[in-house]
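Read from first to last, the chains carry the letters A, B, C and D; within each, the first residue is number 1.
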Amino acid sequence: MSSQLGQLFRISTFGESHGGGVGVVIDGCPPRIPLTEADLQIDLDRRRPGQSEVTTPRNEADQAEILSGTFEGLTLGAPIAILVRNKDHRPEAYSEMAEKYRPSHADYSYDAKFGIRNWQGGGRSSARETIGRVAAAAVAKRVINHLCPGIETLAWVKTVQDVSAEVDPLTVTSETIESNIVRTGDPEAAERMIERIKEIRSQGNSVGGTIEAVVRGCPPGLGEPVFDRLEADLAKAMLSIPATKGFEVGSGFGGTLLTGAEHNDHFYMDGETVRTKTNRSGGVQGGISNGEPILFRVAFKPTATIMSSQVTVSKDKEDTELKGRGRHDACVLPRAVPIVEAMTNLILCDHLLRHRAFCD
Amino acid sequence: MSSQLGQLFRISTFGESHGGGVGVVIDGCPPRIPLTEADLQIDLDRRRPGQSEVTTPRNEADQAEILSGTFEGLTLGAPIAILVRNKDHRPEAYSEMAEKYRPSHADYSYDAKFGIRNWQGGGRSSARETIGRVAAAAVAKRVINHLCPGIETLAWVKTVQDVSAEVDPLTVTSETIESNIVRTGDPEAAERMIERIKEIRSQGNSVGGTIEAVVRGCPPGLGEPVFDRLEADLAKAMLSIPATKGFEVGSGFGGTLLTGAEHNDHFYMDGETVRTKTNRSGGVQGGISNGEPILFRVAFKPTATIMSSQVTVSKDKEDTELKGRGRHDACVLPRAVPIVEAMTNLILCDHLLRHRAFCD
Amino acid sequence: MSSQLGQLFRISTFGESHGGGVGVVIDGCPPRIPLTEADLQIDLDRRRPGQSEVTTPRNEADQAEILSGTFEGLTLGAPIAILVRNKDHRPEAYSEMAEKYRPSHADYSYDAKFGIRNWQGGGRSSARETIGRVAAAAVAKRVINHLCPGIETLAWVKTVQDVSAEVDPLTVTSETIESNIVRTGDPEAAERMIERIKEIRSQGNSVGGTIEAVVRGCPPGLGEPVFDRLEADLAKAMLSIPATKGFEVGSGFGGTLLTGAEHNDHFYMDGETVRTKTNRSGGVQGGISNGEPILFRVAFKPTATIMSSQVTVSKDKEDTELKGRGRHDACVLPRAVPIVEAMTNLILCDHLLRHRAFCD
Amino acid sequence: MSSQLGQLFRISTFGESHGGGVGVVIDGCPPRIPLTEADLQIDLDRRRPGQSEVTTPRNEADQAEILSGTFEGLTLGAPIAILVRNKDHRPEAYSEMAEKYRPSHADYSYDAKFGIRNWQGGGRSSARETIGRVAAAAVAKRVINHLCPGIETLAWVKTVQDVSAEVDPLTVTSETIESNIVRTGDPEAAERMIERIKEIRSQGNSVGGTIEAVVRGCPPGLGEPVFDRLEADLAKAMLSIPATKGFEVGSGFGGTLLTGAEHNDHFYMDGETVRTKTNRSGGVQGGISNGEPILFRVAFKPTATIMSSQVTVSKDKEDTELKGRGRHDACVLPRAVPIVEAMTNLILCDHLLRHRAFCD
């Protein structure tokens, strides 16, 4: 069940980077939601390689086919299977990886676990697996819009290494974020981020950073006490994205420096609405949304594949060296922005259905 | 299912802070593991209030009774139900909470979700709920020891506000951590932390910090690709602990400042063992343990209950004020250390059973 | 997870016949449903031993305590834990069972699976385990009444060995069924059934039979396509009751003798309601209720414990003999009637919540 | 989650009879099991229409493609996605079904539940959905053979209407069953069954019957106490097959006529092996296999589609008539035999993995 996520809006992703294709089956989509393949393609295109000069030059069209679950443009309430064929097969680019473990990749740990590994392009640990997530999340977004209009999820690059963007989570728009190829909400910082990525890439090196995300318009009451807290499910969802190393919600790690008197969010009445004066809680209290914007950040390590020679070991347990090949992102963050949004929408959709079941 | 955790070693916690009691049912414990009530009491005593001068003076014995699932000192392979009775009932201490929402607590969001709330001591959102987790984790620890001896989980207070401890995760011992009431691995820092907590408490204020944890002796191969990555499940488990705001594994947020060349963990042969020269991965690669120590940190916000008057709103949606009452921890971290360890052991035990099912 | 049932209204039963007690945790009960311990006791009293001259003379009060999940007489939306203490401990009555396997009991298969067994009274395979189910189902019944008033589940003894009752599923009442100690809907047959049971018991022998059940007032649309069909979930629920050997819905096994032309249920309009002229489908089509009464039958084997000496083997794998001891039901059916109803209500409640989540 | 089955060997089927295709994703297949597309095709060919003169003349090749989860002929431990494209599209054959509900089909109940329905060929309720099950079960069979060699599942037609076959479950072979197009283990009865089916079909009518199945070589210890009993999971699996109306294990409904003294299976030692003299338990005791052959029967109603005009109602809730069209099986049993085997293997494989996780 390691490739399944969600209690009610349950997705099962499948596929390796090389093989017949990648995709997803969604079990738990309500009936009569408008859905076409074009709806999926928008986000898949934001995720795909080759879309700009700061992403990998690999060009993958990632054309999605809906195999089942819709009829005359509406969902049936039946499983929705989505398939994206693999195309850019170049196993020879990876032949050395059959024998040598790439540092800070999953090659060794997969072999240790399974005793077998599709060494072509990373197999199941390839970022290509996230296609299924993004496609499923495009469906989730339509379900959310249908059941609870007004919820909007946005993510943007907050930092690239030490280059930081100034973005107001309450007002930033999708248009601003998409207006620059690095996908940040601060056009001025975008320039510096792009410069940094190009510089690092020219050195055959790589760089990481953080992505910030906001959910605006989320009603109070979403999420569950105890284990399936909204922030706990978001934390799991984010840490399940390749290359992530951290998650924080609201005040996060920085909040540990404040006292309770400084940190507490005081309630007040805004007309008929209960609001908080500050939002250090990040929109969730006790695991449940309180109506304030849900705000969190995710840390991405620098891309593990770099173009210089590195010390490593072989499958036969001998010390050796390996030089990065192929066409990779020197910085995954611009393409990770739609993935962070996708994982957020998957979690929100699941909790929305859970709330309907019990509390409506 | 919001109170259930685990795919195979599945726990269901129950109970409010006021009412018949709190506890847990464990479904999925292997048979023939030695287990007595005394095994549970050790960790429950580390979690309980009133254990030292830096914790709340509430004195709760938290005596655990095993209701089922064992026979003649061994587990039966049947559900293990554990009950801890509630004792220190003082509903009058909470009567104001029936009408007013405590800032940065779950009072409002629970009401928004459920339309009802046990306002006595926080009900289900009370830290008392973690008793079931700690009891279940004591069982998990025995299962881990039985199936895979040599795995050891340790947690300690890393920072209290800006007071930081120097602790070597590779060598720190349980004895050192338990030698000071703040539960850190650095006795010198312990003094300063205790001083800080006392000072803050004397002001009727509160303080947060970070807890660091290590899993030593974990074999390579634990964890799953894609969603149920070991670090993703740990992230969820940690963010499900009350008052947590962040999680990071290995290099974490700090790692975003490094380049790939600096960040990558190079493999080398240490005799017959594959090791990495650095451990910025934090012991997990692609969601699966690689044999290095698993290392992560958790952020805890300052305790929401403080002894000064705060602005808030009432259940009837009117602006009002509320002053903290009752006996609370000015800093939850010393008592959260066993909870972090508990959540870690629950995740490890579940993944150990999953690994046995598929990959042994 | 073998002691868990339900996707949304999820119950976890626990407890052996001897030990601290038996009970259940319900995770997934909606909030604000009226619930008291008295609500549980009615059905527990119908299930308990010692209630009439055709049941075992063991007298167990089976007093239920709600440990959590309610507040001021209403459910909180939190897990509801229910505990019934064990009382009538007489391990010496079972000491021979520690060494010898009772024929057609679970003694041998449990030992083969777990390598350990609580041999006192059957441990986990004891009918006493069904206390948790009946208690949980009493809660389910209240949820059903609250969310979808008008659904009524009734079960009755249809046959005892070859003694058959004439009962009209459309009109039989709870009062008629409860008016006789064998719990059938045909008072005349009740006499003959009681006579048969007494006769068999006087011989130290035992007898089985069938229970029939109906769900009246179930709206169309409950149940799911493919695996979680309403009849499939009912089949599993019924076959999970100790001593059951068969399940059939609607026309059942007898329907295999008809042709399609004879068997098909023709639709017609009854005012604004779609009805079928016959109900060989048993109220379900394609796994989903069609608004007609849901009708099914369950086969119970004769009680395995009999008072004569039987050939068997010992734990040490030697041929031996064993004579039944203790106080047992010569016919389990009268006490199984509330269990069949309970399992039906658990399945209905779960599907009602599932329907709300997706299709409301 | 209605299209998912299994706790550890978890399958998710997808697809309508008309649309892109049907298939399955298997999450939970152990690594390094030999698997090719040819392995799947054997059972798919036994299930497909058009294979003999007693099945529907629709000719569907049902060619399976493995999209993911294997590498160089071995499973990877990753999700295995299998796709069978739909081909024989003839929506015009079904246009009348868009408006009128077929008696004893799922048309009305689907509309009542979902408010939408793919009326082309039954959509999700089509028997074509079972392709995914049969493909997944072919994988399950290989896992079983790998982990626990010697387990063999066989099913055969036991009765067609009142024509009954004499088959010895202990000795019947796959070769005998496959030697006749009706798939029974009694060649003489096969003749009469074929004759009956042809006769009924010539009348535009249809017929049902029973399928019997045996699992030979199953070790003691498979299955779980309480809800996930082996027989309970088999009951659910069988009742999830389209057109089934009943399930019985061991002595089944007939066993209710015996007394306990007649019914009990006495244990004896057969060398080092614990055996029972009779097998009225059907190979399971307390939900767990006891080493005897597992034996059960499944009732199938007569095919709902018949070639005569029938009274029904329209989607617009008006009384009307409908005449069956298209090419259908007058008796589904010959093609249901591989489906019964498939569902059995899916359940066995799941329980085998569960047993490994906890009890090995």
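Rule of thumb we're sticking to: a contact is a pair of C-beta atoms (placed from the backbone, for glycine too) under 8 Å apart; a residue touches a chain by one contact, two chains touch by 3 or more.
As the structure is a prediction and not an experimental result, all values here were calculated from the model.
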item	value
Shared interface partners, meaning chains that touch subunit C and subunit D	A, B
Centroid-based (C-alpha) most distant chain relative to subunit B	D
Geometric centre distance via CA averages, subunit C-subunit B, whole Å	39
Separation of subunit B from subunit D, taking each centre as the mean of its C-alpha atoms, in whole Å	46
Cα-centroid distance, subunit A relative to subunit B, in whole angstrom	26
Multi-chain contact sites of subunit A, meaning residues that touch two or more partners	1-4, 8, 13, 28, 31, 77-78, 113-115, 124, 225, 354, 359
Footprint of subunit A on subunit B - complex, ascending	1-5, 7, 13, 101, 103-106, 108-110, 112-115, 124-125, 129, 159, 161-162, 200, 205-210, 220-229, 231-240, 242, 245-253, 255-269, 272, 274, 276-277, 280-282, 284-291, 299-306, 308, 310-313, 317-319, 354-355, 359
Sites on subunit C touched by subunit A in the complex	8, 28, 30-31, 77-78, 225, 353-354, 356-360
Of subunit A, residues touching subunit D in the complex	1-4, 8, 10, 12-16, 19-23, 25, 27-28, 31-32, 65-71, 74-81, 83, 113-118, 123-124
